[in-house]
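The next block holds one structure in the form of structure tokens; read it before the comments.
Which chain is which? They are A, B and C, in the order written, and residues in each are numbered from 1.
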Amino acid sequence: MTGQAGLELRGLRKSFDGTRAVDGVDLAVAPGEFLSILGPSGCGKSTLLSMITGLTTQDGGDIIVDGRVVNDLAPQERRLGLVFQDYAVFSRLSVRQNLAFGLKARGMKQAEREMRVAAIAMQLDLEALLPRSGATLNMSEMQRVAIARVLVTEPDILLLDEPMSNLDASVRMSLRTELKHIQASLNQTILYVTHDQAEAMAMSDRIAVMNAGRILQLGSPEDIYRRPSSRFVAEFIGDPPMNLLACELRGDRSDGSVVTALHGPIAVGPCRFEGAPSRLGIRPHDVRLAHDDSPQAARTRVVYIENIGAEHIAYVEYGDGLLAMATRPDQVREGETVSIVLDPKALHFILADDTVVQPGAPGAQHG
Amino acid sequence: MTHTEAEPIAEQTRAPVRWRIPFNVALVLPAQLVMMSVVVVPTVIVIWLAFTDWQPTQAIPWYKAELVWFWNFYDLWYDVRFTNAVLRTFVVVAICVGVELVLALGLALLFLDEWPWRKIAVSIIILPMMIIPVDAANAFFMLFNEHGPINHIVSLFTARPFEFSWLSDPTWAMLPIMLCDIWQWTPLMFLLVLTGLMSLPQNQIRAAVMLGASPTRIFFSLVLPLLTPVLVIAVLIRAIETFKIFDAVYILTRGQPGGATETISMYMYNGAFVYFRMGYIAAAALIVLLLVVSTCIALSKPIQRHG
Amino acid sequence: MSKTNIWVTGLKRSAVVVAMLISFFPIFWLISTSFKPYEEWASWPPVWVSERPTLQNFRIVFFPEAAGEFAAAEQGSLDYKVSGSAWKAFADSTIISSVATLLSVVFGTLAAYSISRFGTGGPNYSFQFLTVRMMPPIAVVVPMVALFAVLRLSDTYSGMILAYTAFTLPFSIWMIRSFIEDIPSELEGVAMVHGASRLRAFLTVTLPLVKGGLLSTALFIFILNWSEFLFALVLTSGKIVTVTLQVANYVSASSGKLYGVQAAMGTVSTIPVILFGYLIQRHLVRGLTFGAVKR
């Protein structure tokens, strides 16, 4: 079955010179799903991808594509399509030859090859580029050729290795749309590796956040954003990053409240976790301006403001440090004293073992 | 008016005229002068000599040699020995360079991975390049002697002792010469091809693998086109050098037997220094020069495209 | 690793070994022959490794008195000509090769610097030097004989040095130019900003950085000069003998080529080439392709 295949990774491991690049990864990608592996440089995501394709052999663990274990299959035989970070367009071949390459390799007859090449060229707007040499293309052209070249072979799974890092911001938007369109129209399973959380959040059905060779959390963008289960995920996702405030838990566990430098006590309900939280997390978008006499409002001074276009980030004095708060442009001015509240439904407890719990949310569990 | 106010007019009008050579031109002058004296001047002399029949044995200085105008060229046109030498040289170049290229490619492909004694292997394989050509030729002379090891090895396969005199046989005498060239210069091609192979864009190869290409297809459709620039340089340089082949021919056969192994260089050497017909050979030199220049011009477009 | 993989690898390694054997065999034969006594030079079946190895051949090369004894002794009717002892050949080759190398590198560096940093002569100027390597030397040698006769340079050190310098200039200019262009000219710009003149900037900044390249070029050109044969053959008539000519002197009227002695001479005279060759191994490719291909 082309395009619509599931991927399963069980206990995948790989070490280089004693360092564990991939340290026991379990992952299941549903057929037709767009799943991103998101993590910083060096987290092991490229090694993981390399093992899935077969270009690197794993030290242990299984890779299952469409129900078949492919561990012993050579990369040529796995029916996977990989788009490289640098696109790797064949520089001495024409675009047409690039597109036809995989089909020719599989022994397809010329007539059918030409038909398919024409079809994919039309689909990805490459018709004008067909006679050009691979070496003369610009970045975004190369990237479309790289994707087309792979898609035309109808791979079970489309794998992309940080495909946007070489592109300008304007071109990225069109690629995002393109990829979603491909997923929808072909029901293509897509595995997308990136370090850019905005990309992952925007495009994925689910995200697997990875660090130090392990997958820390797997969930929808909403899950990852609102209910991060570890400190790393909480800090990595969200731009600007989450505020981490010193805090103190009060009251008994069945109905606790939390106090910070300026706020509290804020009721947080049952606290089903051990020990005291080391920090209280709250995202800048969950800190709001309020009337001076609102309950739970605290007054503080705006120290400085970052203008990032559609919104401003105001940094206000908070205890020993600063709290970042998202505001509409010109809603506040530097030096002004304002009243702010913390959204009690958007709090995160960062525990001593670096797991994160969201208080009060139904079914909130240890991370 | 005091002394100190007197204008030194005389000094002003006496300012000397200096002829300045720009600094950068001065730097290339020594090299340029050497080139002119040893290349440009002899070329002019060749053009003069080509129209004369200077034979040093007649004890006439070359600048007083008898002018024969275009007769040298006329004679050359009908000189079978000259035409043969030219054709023979082109054939030798084609065969030697072709064989060297194929062998070098095959050999380089064996060196793509790492293994413990790889460095030593490379050092031994490039050893032939570092033998003085004359001594290499002498070695081959001994190897192909009727009582030499080559015949000995062949004898192991034939019933009777094989005492063939390679260098005296008109059909076969060219073989030791070509083998000597191939033996000595395949290592250079090997190094060039290896350099090219080691700098191939790895991701393009991996992409081809992911697209399902077999090693053969990857080699012919991807690797060879990527190697073309290096191969073009290698073939060009070897072709030019093989065209000039002299040392091996001189040592092994002197062009014998009966001119069967006479290459262009050997022909001109014999003509100039054995038969002492330097005017005639100067004309031959001009024709060869013309051939080389026109071949270069003819090939420059295709080379630009591929290189 | 599958079984076929082990077979394939085994085959590949064997092919490499075969290539090594082929590369080494003629050299082995040369070395082996240099230790063979007269009877074993062309006997049948051929002697692969001498049963009675001797240093006689080397003695003949290095000690002319030994040569005389050789002729008079058991060999009987063997008579041969040796014009000059091998020591003279080594001396002549050393003088000519060294001086010509020095001139070639110095002139080449000046010219390469000028072409590279100033663009002297336009973009195609350096190709002029290449044309020299394209024609068969024999074509140039004929008029050179005439020219040298007039200038009284025939059979002189100066004549040979001049010829060798000219014919290695293309290599030195192109090689050194490629080394200089490896060094960004901004470095000299920095020095000039600090008050140095162009020349001083080049001498103090760039030159030390290309030192290695210059040395490799010098060794490379020395190898070319040392191995040269045609010019030595034609432009000398006995007063000057190079190591390449000396080998050809070891012939006798009755026995033809004196294999053993030629092998001895060849082996010894090739040693510097092998030595220098391995020293500059990294840059061999750059040199032999006129700087077009670098590692």
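Heads up, the rule we're going with is that a contact is a pair of C-beta atoms (placed from the backbone, for glycine too) under 8 Å apart; a residue touches a chain by one contact, two chains touch by 3 or more.
Values in this document were obtained by computation on a predicted structure and should not be read as measured data.
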| item | value |
| --- | --- |
| Shortest walk length in steps over touching chains, chain A through to chain C | 2 |
| Pair with more cross-chain C-beta pairs in contact, given B-C and A-B | B-C |
| Distance between the centres, which are taken as Cα means, of chain C and chain A, whole angstrom | 62 |
| Chain B-chain C separation of Cα centroids, rounded to whole Å | 15 |
| Rounded Å distance between chain A and chain B, as computed from the means of their C-alpha atoms | 60 |
| Chain B partner contacts - residues on chain C that touch it in the complex | 12-13, 15-16, 19-20, 22-24, 26-27, 29-30, 33, 42-46, 48, 103, 106-108, 110-111, 113-115, 117-118, 120-121, 128-129, 131-147, 149-150, 162-163, 165-167, 169, 173, 198-199, 223, 226-227, 229-230, 233-234, 243-244, 247-248, 257, 259, 262-263, 266-267, 269-270, 273-274, 277-278, 281, 284-285, 288-290, 292-293, 295 |
| In the complex with chain B, residue positions of chain A that touch it | 53, 55, 75-77, 80-82, 84, 86, 88-93, 101-102, 104-106, 146, 149-150, 153 |
| Chain C-facing residues of chain B, complex | 23-25, 27-28, 30-32, 34-35, 37-39, 41-43, 45-46, 49, 54, 61-63, 107, 110-111, 115, 121, 123-136, 138-143, 145, 147-149, 151-152, 155, 161, 163, 183, 187-188, 191-192, 195-196, 230, 233-234, 237, 240, 243-244, 246-247, 250-251, 264-265, 268-269, 272-273, 278, 281-282, 285, 288-289, 292, 296 |
| Complex contacts: residues of chain B adjacent to chain A | 201, 203-204, 206-214, 217, 221-222, 225-226, 228 |
